[in-house]
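The following pair of complexes shares a single chain, chain A, combined with chain B in the former and chain C in the latter.
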Partner chain A sequence: MFFNSIEYLIFLPVCFILYWFVVQRHLKLQNAFVLVISYIFYGWWDWRFLSLIAFSTVVDYTVGIYMEKTSSSSKRRWLLAISLIVNLGLLGFFKYYNFFVDSWVTAFSELGIEMHSSTLKIILPVGISFYTFQTLSYTIDIYREQLKPSRNFINFAAYVAFFPQLVAGPIERAKNLLPQFSRKRIFNEEQAISGLNLIVWGLFQKIVIADSCAIYVNAIFDDYENLNTTTLLLGAFYFAFQIYGDFAGYSNIAIGTARLFGFNLMRNFNYPYFSRNIAEFWRRWHISLSTWFRDYVYIPLGGSRGSRFQQLRNVAIIFLVSGFWHGANWTFVVWGGLHALFFIPVLMTNTNRNYLDQAAQNRLFPSIKEVFQIGITFVIVLIAWIFFRAETVSEAFTYISRLFTNAHFSIEYLSIDRYSVEMLLIVGIFIIIEWFHRKYEHPFVGRLKWLKIAFIILMLLTLGVYSDHQDFIYFQF
Partner chain B sequence: MFVKRFFLHIVSIVGCVLILTFSLGYIVNQGLIHIQDSRFQEWNAILDGDINAEVVVLGSSRGVVSYDPTIISNSLGLTTHNLSYNAGSYNLQIDKYNIYRNKNRSPKIIIQNIDLSHFSPSTHIPNTIDLLPHTNMASVEDLFNKYKSDSKVARNFGVVKYSNYSRYLLKGIYQFFGISQKVGFHDKGHASVDKKYKEDTSNLYKLKELASTNTYENIEKGFVETLQFTKEQSKNCDFVFVSWLPEYKDRFEINSAYTKKLKERIKAWSDTNERIYFIDLTHYDSIMYHKKYFYDSFHLNKRGAEVISKGLSGEINKIIKDVF
Partner chain C sequence: MKKYFSYLGILLSIVVVSSIVLQKVYYNHFTTHPPKNKLEEMIRLTDTYYDIIFVGSSRVERHVDCEIITKLTGKSCANFGYSGLELMDIDVLFSFFEKNNVTYDNAFVQVDYSYARRKHSANFKAAIVPYMNWDVVQKSLATSSENNTHLSLPFTGFITNDVRYNLREIGVNLFTEKPKEDFNYSVASLDGENTRVLRNFPSKYTGKHHSLERLIHSEKFKAGNLHFFISPYCPIVPNRNYHTQLANEYPFITDYTALFDDKIEMYRDCGHLNKSGAALFTNHIVLDLLSKQ
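== the complex of A and B ==
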């Protein structure tokens, strides 16, 4: 079930009403209800893959309990290994099996050894990258004795399958979300209103920004060999906003939905395109994943401690793994590698902890220096996005080379009903709205909030994409 | 437990959505159908039964640009309307004609334009925007349901249906508030194109590919259904003229062998059917050898349309002179 579907438009209010009017009396009932509706939500896509979630849930629940019972460190390590093998095994099989087989066959054929490929027709279960990481954080935290295991299976199962963030995050830590299942939720008006506002803002990001950009991006990337520099630049620019609108939109709808049910999820995006260097970008982009990698990969590797070589190695590993997490394709690995390359100079100059505040803090407009910094950061992120969007690495290189070799600067007609100029205007309005509300999680604040809500609804109705409905990009990861 | 403010918040958001979408939807609908000489106005007249022409032209884009109703009307002395469906094949043309007939009188004469592309059925509705102001009409809704089209909910939720057509949305609003707009000139369903010839290279290439593989199976079904439709209509009117217009020589030569066979079959068939006449204008006045009459290899420009409309009227006059 997609957040931007008619089914969800019915599902959400029905569940909301039942949750607050029928099952609100008992915590157990509330949690059981959350579990049931979460499984319905997921099963709507393909009920067969519910068994994977259930399996992962049972394994990690059991591992958690046994880990607490034993004081033997070797047994605890074995239990952690079981959890890692099961979760990463599922992820590896469903997401990476064909990729590795293909890559091996290609590598051997390069050496002149012909091998027969035996790839399987594997469907990638939606959200597997997200819920496996979520359950892994649970067992790792118990192993580190930073968390007590859950003794209530329903609570734990509801935590793993919690529908707002099940398929595309935010990847919640057990430390934050699991305790919320142990407390009876009481309707909080402020929380619910902010949830609704976030949903409206998330829908705008998805349906108006991301899906509109997607029409151009698809047209341009499908025909990039025949298009001029301006159009290719626009293609990359629009993709930057497509992926941002798509994923930030999903996250906002997820966080907003969770609030309607009395839960607080972590923030996943914090105006990343206003970052002044790449380190700041990664503190603001897909926060739940970058902090996950920081806590469970980067710091265990030594983090920024140790020799320069170790620091560089750790940065390279974390970005390459992060890239690979996004998908079984070399394009994502190169994308991660590029970000590592961008990050290394920042690390070497010890400026990675600069800019912990907002750009133009306490000011309306940025300084010239900040404009320059934001511009440079955006451009390098944009270059990396070309690899993220391209089908193959060579396609991405061709795309970039054509940016320089086909230097014609005119807006080409792309057979799209909406003019390119209008699209630029929409993105421009979006940037302005975000800039002036960068201190808040959504723009519906202040005395003019109702005017802003009405304006955004007007944009949703008149500029949203409903006919060429697009799936959320991160569902495939 | 539920406090008033949250309930009011939901009601306000839902109310805001409903008021904005349906009021704006109404404004844009009304604006568009009042744009003079537009496709929107033409569809409005069809649906309201305001046309009732004595001569009706059916065809695709070639029909739209080639048959000038004013010239035909002046020549035949009969009111004429060009009901061609831009980018629509035979099945869509039939559906449009049936919608026309719901509210308009049966014509005395039907001119059915045909060509090779006519017989490949349409699978979706082209130029969807033309119909959007009329989604409240059952016949239009039926048409949408019959072909691949946008979701029904989006189509019937006020202004949402225009969300992919921001240019038209603005034009509709401007027109509604009295600022006159233009969206391409349509005179009784005819749109003349005053352009010089430009070769449609990719279309010609595709056509050559098709001809080389000799894949014409798709055409036979459309061919048979077109003839059936024509025969049925001939029972309700005085004459049906099946007309085949000239193509520029570069295009004509690609499929000439196959089209020759088709034309022979149509001729033989029309000879056995009373009140049905086949008028083959392929070689009319040697138009096919002159770029000045075309804006691409398949479509006549304004000049070509004037010549062919006069020519066709002359041919028709020869046949109907004793009747009208």
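== the complex of A and C ==
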């Protein structure tokens, strides 16, 4: 079931009413209800893969309990290894098996050795990367003795499968989300209203920004060999806003939905395109994943401690792994590698902890220096996005080379019966809205709140894409 | 929860009021701006008379040359063929003609393997969006095999066809009145010579089609002014005998499926004749079909 579907439009209010009017008196009942509706939500897509979530849940729940029971460090290590092997094994099989086999065969054929590929028709279970990381954080935190294991299986299962963030995050830490299942939820008006606002804003980001951009992006990337510099630049620019609108939109709907049920999820995006360097960008983009990698990969590797070489190695590893997490394709690895390259100068100059505040803090407009910094950061992110969007690495290189070799700057008419620049108007409006509300999680604040809401709803109705329904990009990860 | 439900109520009210207002604005705009393609123009045609009209899919649009017919018979002729038109679309189109006073002496309706489908074509469904409140449109959508109940909600028809009816299109219409497609009521013949199979036929006849039944119970049919025919189709298409089954079920349908079996060079692809094929086919129907009047 997708957030932007008719089914969800019925599912959400029905669940909301049952949750607050029928099962609200007993915490156990509330949690059991959350578990049931989460499984229905996921099973709507493919019920067969519910067994994977259930299996992961049972393994990690059992591992957690046994880990607490034993004081032997070697046994604890073994238990952690079981959790890692099961979770990463499932992820590896479903997400990376074909990639490794194909890469292996290709590598040998380059050496002149012919091998037969035996790839399987494996369907990637939606959200496997997200819930795998979520359950891993649970067992690792117990191993580190930073968290007590859950003694209530229903609570734990509901935490793993919690439907708003099950398929595309935010990747919640057990430390934040699990205790919320142990506390009785009482309806909080302000929390629920902020949830509604986030849902409306998320729908705008998805349906008006991401899906509109997608039409242009698909037309441009499908025909990139015949288009000029201006159009190719616009293609990359639109993709930057497609993926941002798509993923930030999803996250906002997820966080908003969770609030309707009395849960608080972590923020996942914080106006990343107003970042003044790449380190700030990564503090603002897919925050739940960046902090996950920071806590469970980067810091255990030594983080920013140790020699310069070790620091650089750690940065390279974290970005390459992050790239690979996104998908079984070399394009994502190169995307991660590029971000590592962009990060290294920031690390070398010790400016990675700069800009912990907002751009133009306490000012309406940015300084010239900030405009320049934001512009540079956006451009390098844009270059990396070309690899993220391209089907193959060579396609990305060709796309970039054509930016320079086919230096024509006319405005082209695309195969979708639209001029390439048309979408700039909507993206421009979006950037202005975001800039003037960058201190808040959504724009529906202040005296003009209702006017802004009405404007966004009008844009949703008149500019939204409903006929060419696009799945959320991050579902494939 | 009072505050929350009040807030939700205001949000929903904005959506509902906006939808109702937009429905009216869009309806006025899209029913008064000049048509952008042949289908829109056919739907909005008013107070016109033709001696002969041909109605059907691309197998009318591409095959029937009204200029030849007028030249040979001296009668006025209109080719109301449009790519992808289904039988249900044709049925509604005739209702539009009736409502808009588009009159004719004889109508020739093309039917084919698409008879098996019980829904509107995507293009036609989009084209009738501004007329969603018309009784005939609502009745027809209700009989479709697709679920169209959401289309009766205000503005839903427009937003589900946003490619054709969004704010951008209004902007474009205000700047230019030029249609997107070049079209005429004569013929849009195709070049090339091939027998590539684009679609397979259904394996067997699927029972009565309510749109055809409605047409054959009309006064026009009873008066002998409504005729049905099947256009030529190349012999290599799988299940071609579907047309034979259809013609057997309704003996009044003139079946031309095998007309060019010995002139395969007349095909542009398995389902469409090329320019020469269209000219030959038109000459043929002039002699054949018109003799039945």
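Throughout what follows, the second predicted complex is superposed on the first by the 470 of 477 C-alpha atoms of A that agree within 3 Å, B and C clash if a C-alpha of one lies under 4 Å from a C-alpha of the other, contacts with A are read in each partner's own complex, and residues count from 1 in each chain.
Here is the rule we go by: contacts are C-beta pairs under 8 Å (C-beta built on N, C-alpha and C of every residue); 3 or more make two chains touch, one makes a residue touch a chain.
It should be emphasised that the depicted structure is a prediction, and the values quoted were computed from it without experimental measurement.
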item	value
Clash or fit, chain B versus chain C on superposed chain A	clash
First (chain B), second (chain C), both or neither touched by A:200	both
First (chain B), second (chain C), both or neither touched by A:6	both
Partner chain in contact with A:457 - chain B first, chain C second, else both or neither	both
Chain B versus chain C as contact partner of A:232, first or second or both or neither	neither
Set of chain A residues, in rising order, touched by both chain B and chain C	6, 20, 187, 189, 192-193, 196, 200, 417-418, 422, 450, 453-454, 457-458, 461-468
Of all residues in chain B, those that touch chain A in their complex	1-3, 5-6, 9-10, 12-13, 16-17, 20-21, 24, 129, 150-151, 153-154, 158-160, 162-167, 169
Residue ranges of chain C touching chain A (in the complex, touch as defined)	1, 3-4, 7-8, 10-11, 14-15, 18-19, 22, 150, 155, 159-163, 166-168, 180
Parts of chain A lying in touch with chain B, wherever the complex brings them together	6, 20, 24, 186-187, 189, 192-193, 196, 200, 417-419, 422, 450, 453-454, 457-458, 461-469
Chain C-touching residues of chain A, taken from the complex the two chains share	6, 20, 187, 189, 192-193, 196, 200, 417-418, 422, 450, 453-454, 457-458, 461-468
